[in-house]
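Look for chain A in each of the two complexes below; its partner is chain B in the first and chain C in the second.
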Partner chain A sequence: MYILISQSLINGILAGMIYALIASGFTLLYGNAGVLFFAIGEVFMLGAVLLYCLIEGMSISYFLGVVIVMALLGTFGMFLERAIFRRLTGNDLTFAIGSLALGMLITGIVLKTFGERGKGLITPFPGSFKITGLVIAYDKLIVVGVGLVVIVALHLFFSFTKTGRAIRAVAQDVEAAQLMGVEVFRVKSLTFFLALAVAGLAGALVAPLYYVDAFMGTPVLMTALIVVVLGGLGSFPGAVIGGLVIGVLENIGQTFLGGTTTLLLFMIVIVMLILRPEGLFANE
Partner chain B sequence: MNEVAVKTIKRSFAYFIGLIFLLSIPLIVKSAYFHHLLIMIGLAALLGMSNRLIINSGAWFMGMAAFYAIGAYGLVLLREKVGMDYWSAVPVIGLITAAIALGLGYATSRVRGIPFAIISVAFAEVIRLTIIKTPFLGGHKAWVCPPPEPIFGITLSSKIGIYYLILVLCVIVGFLFHRLEKSPTGNALMTMAENEELAESIGINTTRYKVVVLMVGALVASLTGTLFASYIGIIGPTSFSLMTSVIILMTIVIGGMANIWGPIIGAAFVTLLPEILPGQAADQNIAYATIVLLTLFWLREGLISLPKQLKTYFEGRAAHKPASISGR
Partner chain C sequence: MKTKLLTIYLAVMVIFMFASIPAAAAQKELKVGCSMALSGPVSVVGIAWRNGALIVADYYNQKGGLKVGNDTYKIVIIDGDNKFTPEGATTSSRRLVERDGVKLILGGIATPDTMGVQAVTEPAKIPILHTAAADEPMKDKKYSFRGFVCFREMMPGLFKWLVSNKPEVKKIALFDMDYESGYFGHKLARKMAEIKGLEVVYDGYFEPGSKDFNSYLLRILAKKPDVIFNTASPYPTWPIIIKQARALGYEGLFMENSPPAVADNIKIAGKENLQGLIGFGYGTEGSSIPEGIKDFKKEYMRLYGEWSNYPLVYVPALYAFFAAVEKANSLDADKIVAVLEDGSDWPIPLGFTGRFAGAETYGLPHQWYAPQWVLEVKGDKAVAVDEIPISDMVTGWD
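Showing the complex of A and B:
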């Protein structure tokens, strides 16, 4: 029993780290650009696909590949902001539909270029070690480590740098931020960079652990939705904590309840949004 | 005779001709494939019209597949487990759908905007996962659904029979929704969509309107679900995924939200596009997505506004032209 719970806990933290990264991207985009970015699952998938292509095609090392993927997707995000989302006018529903279309577009292009079959990468860090009967694989440890570093770095960036504070200011009140001399469009552009880089990082990190295919993003998008609602729409700490909580809950739930866990989580989301739309971890 | 009356008569005449055309077209073109396309357009139009009605009341509902699934599964279960025929099952399904929509509507009456959109997506997902996880509902397995029983001596097991049933339904629903929009209720709904606080301040009971509109939309969608199930004959949970809701949403975005023709034209477009385009699902995804993005950029009012847009474009160009030689 102890082993079962602890092992689910460990797996849960791994999944939770991935969810935390994706949900951070999602929540940043919602908070700063007002975009319900449904294509975040596809960006995650694109991260995995790009890493696969870089490693298999150009035999680049894992870490360099991850950095390149982040840079590429971040730039892609800035391009999207400039080419699509800045030019869209209208309400939030327009943005949501635009992002849905974007997700379809990315899936279609990946299906055409990458193929429909799932492909697997050989993990760069084979092996595992044991502590008090619990198995911990090195590659999963790396994922958690990198995720943690990125999240802490983002937190420091948001708390202590001028640009980071500008981003948070825009999330709170666009007009007030503008009056204080924040260049809103630059902040939005930067938000897209960060959000897509972080979501792509999540994809690149899990690429060696799971099969890489064009549809790996859809379930992740759904989980990101749950996480973001639980943590409060637009809240970065909420997304991180929510991601870890959902990852752990989901894994423990899978062990004891099986497949109904996701169903229960979605029901919780609906109840949460009705009763407490600002999220569990909102402190404002 | 004044101008308005002439316009009304002209318009009624055009509708009459259009109806005659739609009634006779399956008898003129006798290809089963063509009939199939007409039926699919009709189903998509019904779903689009109901989703448009809900969205135009200010509730960004993005989970139409939920009610579609409730209709289809309700029919199959009532037929398989209870042994009802189509015509007695439909009212029961209507009651169930109305009850579910009533509950959802009242529970979410205080939620609006993006949180409501997320609730609707989560709701659709709850319905889909409930189907998958409950063995009683069939799980991942597909159900076989027999065609509707004949009514008034008309057999509905053929494509033509189903086509006429859907056509009648489309006309009724389209007409009712159109009348609803033009009525004082429609004005109230429009005000709600523009500004809910304002609507409340002038005495519009927004909660009640929202719930009723959600119920009406849900009823039409679930009725469409029963028709879909009995036409296709086999249903499984894959027909009611997030993608289905997205396609319904895109139908009205492409067609246009301004009037009742938007979802109908959008339905024709969305149904015919994959048939015209060669290639697999990937190509169709790319085409759909590109068209939706282009619509969002340059044709915000959807395809129905295309003639108007073209007119203003050409008139604008004509106005900017220097006076021609023949001009006085």
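Showing the complex of A and C:
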């Protein structure tokens, strides 16, 4: 029983880290740009696809590939903000629909170019070690480690840098931030950069763990929505803690309850929406 | 004047005479529809089978086509992507039958899409060759033939080999996708395990679309199985299961109900994790494998580059299917069905003989029987380690 629970916990932390990264991207965009970006799952998928192409097609090393993926998708995010979503500011429904359409477009392009077959990336960190009977794979440790570094870096960025504080100011009150001299559009561009870079990072991290295909983004969006409802829409700490909580609950639930876990998670969402619709860490 | 008129009249008659001679008869076409998953994740199977069908069609076309009466027919395969859904299968089959005028259909791949095909082909009296594993597509379906050695037929030989060659195996875990073919495979596997004295320590399913099997595998590995048996899960779930089980420290055997698609699985599971994987079907490596199978593989690779064992699951029965049209000497569905049902042995160009039988099990003799091989992954190949004769397939449940 100890092994079962502990191993589920370890797997849950890994899954939670991935959810935390994706939900962070989603909530950053909502909190700072006021937009529901429903293509976040497809950005996650793009991260995995791009890493696959970089490693298999151009023989680029894993870590360099991850950095390139973040840079590419971050830049793509800035392009999207300037070229499309800036024009839709103030029109939330159009923005949401536009992001859904973007997601479908991305999936269609990937299907045509990458193909429909799932493709595997051999893990760059094979093997595992045991502690008190628990098996910990090196590649999963790397994922958790990298995710943690990025989340801590983001936290430090938002807390202690001028730009980070500007992003938080825009999230709290756009007009007040403008009056304080914050360049709102520049901040929103940067927010898109960070959000898509982080979501793409999540995809790149999981690529060697499972397999890469054009359909891997959709289920991830649903989980991201659950996480942000739990953690609080617009709250970065909420997204991180919510992601970890959902990851652990999901894994332990599936180990002991099987398929009903998904139903339970959606029930949690409904209960949260009734009792505390702003989430656990609203506006923090 | 009269001479002029007569000349004109004769000229017109000559023109009419030549115009009334029909153009040299172009070779006729036998249109064969392919209602399979040609897009989506399962397209790796559908496309491989379609490509295999093209090679079989070309085999007969190179010999001048199928001779039916005084005509010869060139086999033309027409794609009908069914997207691996029942609705897609019905739509594509309807289009193939009503718009394209096909006389035969190849497909579906599994039970749900096959039943979608049958919704059109049974009323339209179109013979089909499918690979659905469950019993439902075989029940009272006069025009449907199962074109592969299925679970009920292969399990006796596979389990007999397992018990004889791996005596250390006592406990078996059954793990599949949550769908019809999975339930059916487990039902048979439980019974066969009981016959062979193996203990079923786990019997469960995962949600379609799953990629993270760690939670399931933790429960499975807690039962300490000696072999994890996957009967019917589509690619690419199985290599992911293998990879994740090994990552959790599982050192036992893996077994599957089909030929290991080593080239595809290696890319996901990793070569080391696949070693010792046991499967069943037509292999292409090993001294007992007929040269015809090896030649087929060479031809497939020449045309399509990559090889997986998927085409061989389906192609042997397909040779017989087309040959039946010629033997029936007719494109009439009832005559083709009668020929397929008559119990004849069909010599397959791959180097062995098969037949359609199974009336005592399915009510109609529409199940394909042919020698199979137990395959074991060694290196980057699935090597034939034992041949399973047809007799084991028929009597193994006694």
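Everything below uses one rule, namely that the second predicted complex is superposed on the first by the 279 of 284 C-alpha atoms of A that agree within 3 Å, B and C clash if a C-alpha of one lies under 4 Å from a C-alpha of the other, contacts with A are read in each partner's own complex, and residues count from 1 in each chain.
Rule of thumb we're sticking to: contacts are C-beta pairs under 8 Å (C-beta built on N, C-alpha and C of every residue); 3 or more make two chains touch, one makes a residue touch a chain.
Because the structure is predicted, anything quoted here is derived from the model rather than measured.
A.B. asks: With both structures fitted on chain A, tell me whether chain B or chain C touches more of chain A's residues.
C.D. replies: B
A.B. asks: Touching A:L156 in the superposition: chain B (first), chain C (second), both, neither?
C.D. replies: neither
A.B. asks: Using the superposition on chain A described above, determine whether A:T260 touches chain B (first), chain C (second), both, or neither.
C.D. replies: A:T260 sits against chain B, while chain C stays out of touch.
A.B. asks: Taking the superposition as given, does A:A96 touch the first partner, chain B, the second, chain C, both, or neither?
C.D. replies: So A:A96 only meets chain B here.
A.B. asks: Would you check which partner chain A:I84 touches, where first means chain B only, second means chain C only, and both and neither mean what they say?
C.D. replies: So A:I84 only meets chain B here.
A.B. asks: Determine, under the contact definition given at the top, whether A:Y211 touches first (chain B), second (chain C), both, or neither.
C.D. replies: Second partner only.
A.B. asks: Intersection of chain A residues contacting chain B with those contacting chain C?
C.D. replies: 116, 259, 262
A.B. asks: Using the touch definition from the top, list the residues of chain B that touch chain A in their complex.
C.D. replies: So the residues of chain B touching chain A come out as 55, 60, 62, 107-108, 110-111, 113-119, 121-123, 125-126, 129-130, 132-133, 242, 246, 249-250, 253, 280-286, 288-290, 292-293, 296-297, 300.
A.B. asks: Would you mind writing out the residues of chain A in touch with chain B in their complex?
C.D. replies: It is residues 30, 36, 84, 87-90, 92-94, 96-98, 100-105, 107-109, 111-112, 116, 218, 222, 225-226, 229, 233, 259-260, 262-263, 266-267, 269-270, 273-274, 277 of chain A that touch chain B.
A.B. asks: In the complex, go through chain A and note every residue touching chain C.
C.D. replies: Going through chain A, the ones touching chain C are 3-4, 7-8, 11, 15, 116-120, 122-123, 126, 128, 130, 135, 137, 140, 210-211, 213, 215-216, 219, 251, 253-255, 258-259, 262.
A.B. asks: What does chain C use to touch chain A in their complex?
C.D. replies: Spelled out, the residues of chain C in touch with chain A are 39-41, 43-44, 178, 204, 207, 209, 211-212, 214-216, 218-219, 222, 235-236, 239-240, 247-249, 264, 267-270.
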